[in-house]
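Input: structures, listed below.
Two complexes come next, and they have one chain in common, subunit A, joined by subunit B in the first and subunit C in the second.
Here is the complex of A and B:
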């Protein structure tokens, strides 16, 4: 019943009480975990949360506006590099983190403007974003030469920047967030992004986005300038990916071109597909599952992690075409209904038996 | 801005595909509040004409004026904002969202939260769709999906409604209901209906425009049009009564 309520409220309506309860419960557990676990667990989970924000940015755009963007890694990388370059130059991180959102927002606005107002079809949108992330990755790789500096910070090409500073507490620059602090920050930002997007879907703006996914032509004929809406959605998700990028820099004290390569872009799609894109919780859960599977395969010593992972993904897509969570929701609904059905049947049988007796 | 005494007027409107004129220099005039039916045999250019006056395809030449505004090159959302509501032949709806949400999205465009919801409820009531308000549109029968789209157009409260074969694929009963709805809607909006179901046209028609080979053949009352020899030849077939 709980899970049913969680899934069945249409996104246009305010989430059900049950939803708030479950989210509250998850938050409580998330905040308590560090007390009962070692630091390596915090470290592992933090990166899951960070990638979950990134996956959320893609899942929102893909699942609710119908735009599959491989370019989320562009904004992820931009966010990471922006944070690194700013905070190394100015030895200040709060504004660096804000810029890590703002610069990707600008980039998304510019890139999105040409794609969306140019009215390229959805498949070309996907391909273009994919090309942009590959081009940007190659471009950053080609900055090994010492001449490539922004301010005093050398970009170092494919070696990446490995001296990215820790995040300072905004009101006290001498105190920085370390491991467990980063865990809390990443967790809270993930939850806020999730709740924020969920609530956004209940607004007029969010509801128009979903209608564009359903039938852009009709949305236009109702008077909505769909290009503006799609651009806004693209910009929001770009900002979110940028935030994830900044956090990634904080987490590993490291940013590198790999943030934007093909493999990053593809694994992001995996997170979203495995979790399911028809809900916002899907990408979060998908990220957790795939990351854990990758870690486990890596330590199990089977070799060929990617090959096995690829095989597992194919099976996943075939067995759960809508992703794990929606399938789970359907399964629960089905079980509940068949149980109700059974109890009705046994009632009837009971009454018949009484009548006969 | 060009003075036009009509709600909708086309001047020399033309659409050609590879040298063939689908619509050839059509001058069409629609009065404020009028209900007009466009008929004609297959390939007469009705749908092409419909798509041009609704801003869905650009004409090769000529102009379309709506309420004295040149809307020839306006985009779809601009056309809608000016007060034209469009319903295409195939149900053009939001399948995976609820009936109420479909109508609400239309009503909310011009109105605030509360007013939008109220208009949506009224439209649902008028269409007898209240019972189905929370169903997904994709799960409804064909006729009901047509009405949902009809409802969206009503919720827009447009000055002009353009309907392309609104009764296509409907049962006799649904067709009657649709005819009533159109007459009801005509109390507040001018309407252009493209249709080839003669039974249906007879129920609603006041003035009828007959298209033939991309041109207007005749414009008259339904009675006169039916009596017209030329029309019988091109449209109803020489045997007469359809």
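Here is the complex of A and C:
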């Protein structure tokens, strides 16, 4: 029942009581975990939460507006680099984190303007964002020369910037967030992004977005400037990806071109596909599953990660195009229904038997 | 004078490379509307097949032909096992072929290791002023245009080409006329793959061949075909000219990476100005 209630409320309606209860429960568990676990678990979970924010930004755009953007890793990388460059230059991190959202937002607005206002079809949109990812990664890799510096910070090309400072508490510059602090921050921001996007979908804006996914022409005929709505959605998701990038810089004290390369874009797509893009919870769960699986594969030493990633991706597209969670949801609903159906049937049979007797 | 020749050569060379790497995609994506993100890896496969065959002692040009055939056959297999289930599901095609590309990179890395390997096909050089130009690069430019011409003639002047174009435009009508459209889809995909494999094989001597080399080309190829618009061959030629000139001049003045970024910027602005691509308003042609 719970699972059914969780999945079956349409995104345009306010979430059901059950949803709030479950989310509240998850938050409580998430906040309690650090008390009962070792520090390495916090470290592992924080990165899952950070990637989950990134996956959320892609899942929102892809699942609810119908725009698959590979550019999310670009904004992720841009956010990380912005945070690194600002905080190293000025030894101040709060504003750096704000900029880590703001600069990707600007980049998304500029890139999105050309693509969305050019009215290119959704598939060209996807490919263009992919091309941007490839080229930008190459550009960052090419900055290994000492000439390339912003302020006093050398970009160091493919070596990345490895001295990214910890995040300072906004009201006290001498206190920094470390390990468990980063865990709480990442967890809370993830939950806030999830709830925020879920509630955004219930607003007028959110409904227009879903209507664009369903039928862009019809939405346009009804008088909505769909380009503006799509651009807004792209910008929101770009900002979210930038936030994840900034957090990544805080988490690892390290930013590198790998943040925005093709294989990180591929794992991002995997998170969303595995979890399923038709719900917002899907990307979160998918991130958890895939991250755990990759960790396990890494320690098991099964050779090329690419090989397995590629194989799994093909299998998912061919066999479970809707992702694990929705398939599971359908299966559960189906089972429950068929059981109810059976019990109703046996009731009827019983009554008939009584009548005949 | 010599600087002028060098500029012309740079532009022609960039143009040739653009035509070479995007011709296969122009057929697979431009005509068949199949988003093949493994395109770069098809190029990589062509290069590696060329590498294996030349190391086995087969003369270079024969090796090129064998590699194109090999990649063509590989393309047919991919079409039968993967693509044929996904016609019309354009996003799924994109994801599945991306999976395929990762799979191919993983496989080639497992077999050959991640290091670079070279193929030797030196044809000598000649001096122009202070610069030297490799004869092989000139041959490459010629080959690119030869392939474009060949494909044009195949589509325009043969019965096979006519049937293929008809099938791609209106599959149901073609089927109603008794054409086995599945068969032609398969052959067209195979032909596109063979052209891609050819590109990889002839590029093998002048680039470092490594399993991840595909990502160098896939972006350029897609940008070219998208900017080209509705007519695959004409569009590819025109878009290649625009990007070739940009890339040739900027790369020569600065670095290759700056050249590529400029190409991308030009492409994005082009998308805004001509969302239908350069040939979007052309009434007819191929």
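One rule holds in what follows: the second predicted complex is superposed on the first by the 344 of 357 C-alpha atoms of A that agree within 3 Å, B and C clash if a C-alpha of one lies under 4 Å from a C-alpha of the other, contacts with A are read in each partner's own complex, and residues count from 1 in each chain.
By our rule, contacts are C-beta pairs under 8 Å (C-beta built on N, C-alpha and C of every residue); 3 or more make two chains touch, one makes a residue touch a chain.
Keep in mind the model is a prediction, meaning the values are calculated, not measured.
In the overlay built on the shared chain, the residue A:128 is in contact with subunit C alone; subunit B does not reach it. Contact comparison for subunit A: of subunit B and subunit C, C touches the greater number of residues.
With both structures placed on the common chain, the touch criterion links A:211 to subunit B but leaves subunit C unconnected. By the touch criterion defined above, A:222 lies against subunit B but remains apart from subunit C after alignment on the C-alpha atoms of chain A. Touch criterion met: A:12 reaches subunit B, while subunit C stays clear of it. Looking at the shared chain after the overlay, A:119 reaches subunit C, while subunit B stays out of its contact range.
Of the two partner chains placed by superposition, A:175 touches none, neither subunit B nor subunit C.
Against subunit C, in their complex, subunit A makes its touches with residues 68, 111, 113-115, 117-120, 122-124, 126-128, 130-132, 134-135, 138-139, 141-142, 262-263, 266, 269, 273, 303-314, 317-318, 321. By the touch criterion stated above, subunit A contacts subunit B in their complex at residues 10, 12, 204, 207-208, 210-211, 214-215, 217-226. Here subunit C touches subunit A in the complex through residues 35, 37, 82, 85-86, 90-92, 94-96, 98-107, 109-110, 215, 218-219, 222-223, 226, 255, 257, 260-261, 264, 267-269, 271-273, 275, going by the rule given at the top. Subunit B meets subunit A in the complex at residues 75-77, 79-81, 85-86, 92-98, 101, 104-106, 108-110, 113, 149, 152, 156.
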